[in-house]
Amino acid sequence: MFHFEATLLAHLFFGLSLLVILPLLRRRDLVLHLLLLLSLGILFYASSLATLFIGWEMMGWSSYFILASSARVATLQRYILFNLGGAFALLGAIALLYGFMGSLEYRDIDASLLPPWAMNAIALLLFVAVFVKSGIIGLHDWVVDSYSEATPLFSAILSAILSKAGIYLFIVMFMVLLKEGATEPLLFEIMAWLGVITSIVATFKAISQDEMRRLLAYSSIAQIGYIITILALMQGFALEAALYHTLIHTLIKLLLFMNIASIIAITQKERFSELGGMIYHAPVLFLLLVIGIIALAGMPLLGGFNSKFLIYTALLEEKRALLLGAVMFSSASAFLYCYKLVYGIYLGQRPQEASLHVSPKSYYLPQLLSAALLVLLALLPSLPVGYLSVIGVELGFAPLDDSNLFILQSAFGSFHGGALMGAFGVAFVALLGLLQLAHSKAKKVKDPLDISYCGEVPRSETNLHFGYGMGYELHRISFIAPLLRHHSRVLWDRLSLIASDFSALLSSLYSLSAQHVTLLALLLFTLLLLGGQ
Amino acid sequence: MIPFLIIATLLSLLAAAVMAIYSRDPAHSVLSYMGFGLGSTVLYLLFSAPDVALTEAVIGAGVGALVFVVALLQTQNKEQP
Amino acid sequence: MNLKRTLALSHLLTGLLVSVMIIALLGTLRLLTPPIDTIGETLLHINAQSTQVANAVTSVVTYFRGLDTLGEVSILFLSIFGVALHMQHSTRNLFGAHDTLLQIGAQVLFPLIVLFGVYIITHGHLSPGGGFQGGVIIASAFVLRFLAYGDHYEPSARLLTLSESLSGAGLVLLGVLGLLLGDRIFAQILSLGTMGTLLSGGVIELVYLFVGLKVAAEMTLLSQHFIKARDV
Amino acid sequence: MFDAFGSSALLHQAITLLCFIIFGVALFGVLVKKNLFNIFLAFSIAEAALFLFFIGNHYAAQLQAPILFEGLSRFDPAVMVDPLPQAMILTTIVIGIAVLALALTFVIRYYKLTGHMRIDEMDELGEDR
Amino acid sequence: MSLLYFVLLPLLALFLMPLYRKHLHIISVMLNLTLLTLALTCTHTLPMVERVAVDLPFAITFVLERASWLLLTLFTLIMSLVSLYHLRYGNDKALFVASTMLGVGVSGLILSHDLFNIYIFFEISSISAYLLTALNQDVKAYGGAIRYMIVGAFASLFLLLGIMLIYLSIGVLDIGAIAERFGLIEPRLQFLILLSLFIGFGIKAELFGLNFWVADIYQASRSSVGSLFSALLSKSYLFVLFHLTYLLHVSPSQLFFLGLIGALTFVAAEFSAFKSHESKRIFAFSTLGQIGIITLALSYADAMLSAAALMLILTHAVAKTALFLALDLLERHFHSSHSTIFARFHAPFLMGIIALAGLSLLGIPPFAGFVAKLSILTGLASLEAYGAVALILLISLIEAAYLFRLLTGFRQGTGKERLYVAWSHKLLLGFMVLLLLGFGLMPEPLLQLCQAAAASMLGGNHVPL
């Protein structure tokens, strides 16, 4: 008898949802947002597959209707089709399970009864559902489009919360319900590699974006790629690393998207090429963003490092050097887009004609909240570990050591959060001071037009800051450029084109004259009469 | 004798049907249709179904033909203005 | 020319299809063997006891399968209603003839035809014929007057609809009465006469009477609407 | 020469054959004629062919109409035609005429609205209309 | 309580029309509500068998068992809702006559157990459908009605052929008696009879190969009429078709063929809707799609799947009625039913209704449509028909694509007109959506009803004579 009605895992995911959605509630579309929250509650606290599916689908359509107020029709089509595609895959898996179990209650499911082919088929279908929701490369088009076309606040919800549903589904299905099933290990191997490939490709795509929210969308995809990779190891330690990263990523994305929402509210601009120099106008936002990107990059100063640390050690523990290398490569490349984010918006030259508005004060609250939590987690890295361990134990894995809140333990060593932060903070301040000293003598440029090189005199509308155009050169690198092309979009577009051609053909059948309709009926009659004898 | 009559009537019904359906002149069609109705009345009589014969005569051939004639007249008004 | 050829080809193919179908159909129908007994024969057996009606077809139509007849009457009603609805009629008669001879003939024939129709209806249980046939015959008397008098003769549409509706309602009520007093629709709630006499049918005669009245009104309406249809 | 038809089975075969030829001719008309008027006429004839087939297959030389009169005082299936098919056909004829009248009403109205009644020129329905 | 009242009362109301010709809309509501009450009072006396004419075996019988009761209740419910909807629009004689007769026709179709009687009701419902199609009295309406009549005449020819052949070879018309004697017929002839009946009912039940007329007819008629067609007409023919199929013990290969036809209906309809921009055509295609799924599910002759199919019939009927009635409101306002009108108005309540009913139609939780779809999928899975599961799931995506495209109109576009929706209409539409939501959240009672109905439909509903 297994009861899963109100586990800590569900509490964790639902708590994160509350953390994100409550500060963002607005009068506009309030009902739909509450429905979304309700659907998340249903999803996380379900005790039968049918209820789980109800939550999953409600989440899909309520977010769709919120999105529909701002997104283009093509984006909406993509959003709902991908989401429903995933949902129907889930439904297929549920139907298949029902065929063997005769019940949809969690407690009646016994995966050890499944024949291997059925288990693998179910696993594949569930993979589709999880991958679509997480935006694994090839299935990611809808993520980027919808994040960039949603209202700025809703992008935060989409990225911080809804993208985690796939992870929850994976944990519930594979680590709880189907743990006993004889899934082919190769599938998880493929999944691990898909995750890491996703993170690499998405990272490079993020670097080459010109739109702020598209960049963050790709960054989300990349981060979730890590989580997918680590989950595919199917180990207790990996599970906790994944949950930790989920927690951190939620906080980071809430912070960053809200930061960008503020910027959009102030400037009404979405692109790096139209922005710059915002530090003079909004220094507080700049500081918050810096906290966010330090955490995002996984540098050892803020909470982002903790989860990266766990991920690396988990991979090490499983002796997956190749995966580790790939994750590290992608993680290191992430610095580039972090840089673009901070430089492109806040530093550099300020566009001339910019007319600025005031950012709503309420946008600061979620940012401050998550920034504070990120700092706290940096100081006390083991704070959530106890909680996560309990979850791990609940799901049947060994607990982590959390005896000292300041120290994050792992099989390959540990670090002291407070000390590390202190050390890095001192080093950072020292470095900054040195730089300040070195630059104090530098000549200040009065007018950006003073710069000239190669005989070119830039005109006043020429944007000179470094964020602009950064990442374009990636297109010229022979082994990266193919990654940046829209292969999957071409594929899906072609598929929809085929469907619509087929549709045109069939619908012409439905505009036949009555005579032809009777002729066809007669033909059917005759053929059957001759064939059926 | 009656079988012979039945076959003969059926054959003439076939001719009437062809005339009624494939004639280019609607007037011929309607006339042949009436002929078809009368022929089938005869046939029903031969089949010892006087009730059906009477019905066919007044309703099938009678009302049917009336309806066709009137429809014909109603739709011929504009055809040659 | 090309179009013509396509047309000819499509006709040829259609003809081929139809003939193949008919041949296949006939090939199967060859196997048709008459059944050992049919319900029609059973009905024929019990007809003498249960209805006292000389014309077995009538007893089947009105008594054994009275529900079919009710359905048929309502179909007729529906169809005539549709015709009346979609053919707003004008006063202009399609046959605008004013032939005095025809008018005199119509005057003479009118009562005779009506009488004949009434005869057919009332003797439906004794001889061939019945409500439908008689009704149409009565209607034909009105149509004759139409043709003869052209624009100057028009039976009151209201009266026609009223008599149509009321006779229909009478038929249904007869059925309901059968349900309430007897045990089934169109149950014999009247006493039966002896076989072969005019008043031998009981309810059957009433059914045919209502049907006849209804059909007469309906057919008159139908022809009136068709003949006087207005141009749009 | 026609004595062979004395056996009712053969006669039934012949009736079936001819009725279905009429049926086929009418069906062909339904499928190829372009004038709505002719199409409904063809339907009416196809229906009539079916009726004839049905009634004809219940006929046999020794059978009388199912009506009592002077010479006949007892309902007996051995000498009378089955009354049920006749009742059925009687009903169906009336239904057929009712449908026909309605159909022709629609055709007339259609003609008065559009000025034609050719089935291959009916294009008022379909996408983007 | 006689089953004949379901036929006689509407007929009486029709024939007495001259007495109250100014209040037909009120009479219509009263009549339909009475019939609904009558249907509900029959719950405890099921199954009911009534011999209509004579006491000998093989007379006309009316039978109300669990399955036909479910459908009868549904039909009277839908008729009541539609007549309540029209209450605001005052007296409409043509609508009253045609819709009441349609009610008579479909009730008779599912009640009657006599094949020739079924033919009569078949014609009654067909003719009322022709009249309903032509209700608007414009070119489109007449064009549609003429098309419909040609196809319908063709269908009734074949149905008649089938009935005649049955009578010619076994001499009975009651379908129970036919089932008893059907084995006596020569197999090839058996096949021909089944085929003729299939063509006759299949055309009207809108199955693939025979349904290319459907979109035009829905487009030609009013939206509110579309709800009657979609919820009542096609479902009743489908019921009769499968009733006969189960009773006559058709061979597994023939059942498989029906399932194939169902699948084809589903696929072809959903794909055709994908490119359509006329909302009535889109809804027509979606109806066809659902009919395809229902046919597919029924063709397995399995208790659980049949229950699911009945459930789908119920939920689809309610959802489609809500959608069509909402569309009718729009059509009356914009005088168009092109899908662009969905982006041209602002009326939150109406938009909510359309969206929620659309979700139920798609089988998306938490609406009743989902329960039906889930039971169909689980039923198919437990029969190991995984191909069918995959097909339904894949093609449902296409359905989602076009339905959601329609719904996006609500949140897009500028310069929207405010649309006034009367309170009575809000109540009515809200009731339907609540019904869907309620049965989506608490499906158990309805599922039990459907299971009982499926059992009686499959398990030799052969009522003892």
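Here the chain labels run A, B, C, D and E in written order, and each chain numbers its own residues starting at 1.
In this section, contacts are C-beta pairs under 8 Å (C-beta built on N, C-alpha and C of every residue); 3 or more make two chains touch, one makes a residue touch a chain.
Everything quoted here is computed from the prediction, not taken from an experiment.
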| item | value |
| --- | --- |
| Minimum number of chain-to-chain touching steps separating chain C from chain E | 1 |
| Chain labels contacting chain B and also chain D | C |
| Most distant chain from chain B, judged by the mean position of its C-alpha atoms | A |
| Farthest-lying chain, centroid of Cα atoms versus that of chain D | A |
| Computed distance of Cα centres, chain C from chain B, in Å | 17 |
| Distance from chain E to chain B - Cα centre to Cα centre, in angstrom | 38 |
| Chain A-chain C separation of Cα centroids, rounded to whole Å | 75 |
| Centre distance in Å when chain A and chain E are each reduced to the mean of their C-alpha atoms | 45 |
| Sites on chain A at which at least two other chains make contact | 507, 511, 513-515, 518-519, 522, 525, 529, 533 |
| Touching two or more other chains - residue numbers and ranges from chain E | 116, 120, 123, 127, 130-131, 134, 137, 146-147, 150, 154, 167-168, 188, 191-192, 216, 275-276, 281 |
| Sites on chain D at which at least two other chains make contact | 21, 27, 30-31, 39, 57-58, 65, 67, 84-88, 90-91, 94-95, 98-99, 101-102, 106-109, 112-113, 119, 122, 125-127 |
| In contact (per the touch rule at the top): chain pairs | A-C, A-D, A-E, B-C, B-D, C-D, C-E, D-E |
| List of chain E residues in touch with chain C within their complex | 2, 4, 7-8, 11-12, 14-18, 50-54, 56, 58-60, 93-94, 97-98, 101, 104, 108, 116-117, 120-121, 123-124, 127-128, 130-131, 134, 137, 165, 167-174, 181, 184, 186, 188-189, 191-192 |
| Complex contacts: residues of chain C adjacent to chain D | 10-11, 14-15, 18-19, 21-22, 25-26, 29-30, 32, 34, 38-41, 43-45, 47-48, 54-57, 59-61, 64-65, 68-69, 72, 75-76, 78-80, 82-83, 86-87, 126-128, 132, 195-196, 222, 226, 229, 231-232 |
| Parts of chain D lying in touch with chain A, wherever the complex brings them together | 27, 30-31, 39, 119-120, 122, 125-127 |
| Complex contact set, residues of chain C against chain E | 25, 28-29, 31-43, 46, 50, 63-68, 70-72, 74-75, 77-79, 81-82, 85-86, 161-162, 165-166, 168-169, 171-173, 175-176, 179, 184-186 |
| Residue ranges of chain B in contact with chain D within the complex | 1-4, 6-7, 10-11, 13-14, 17-18, 20-22, 26, 29, 33, 36-37, 40, 43-44, 46-52, 55-56, 59-60, 63-64, 67-68, 71-72, 74-75, 78 |
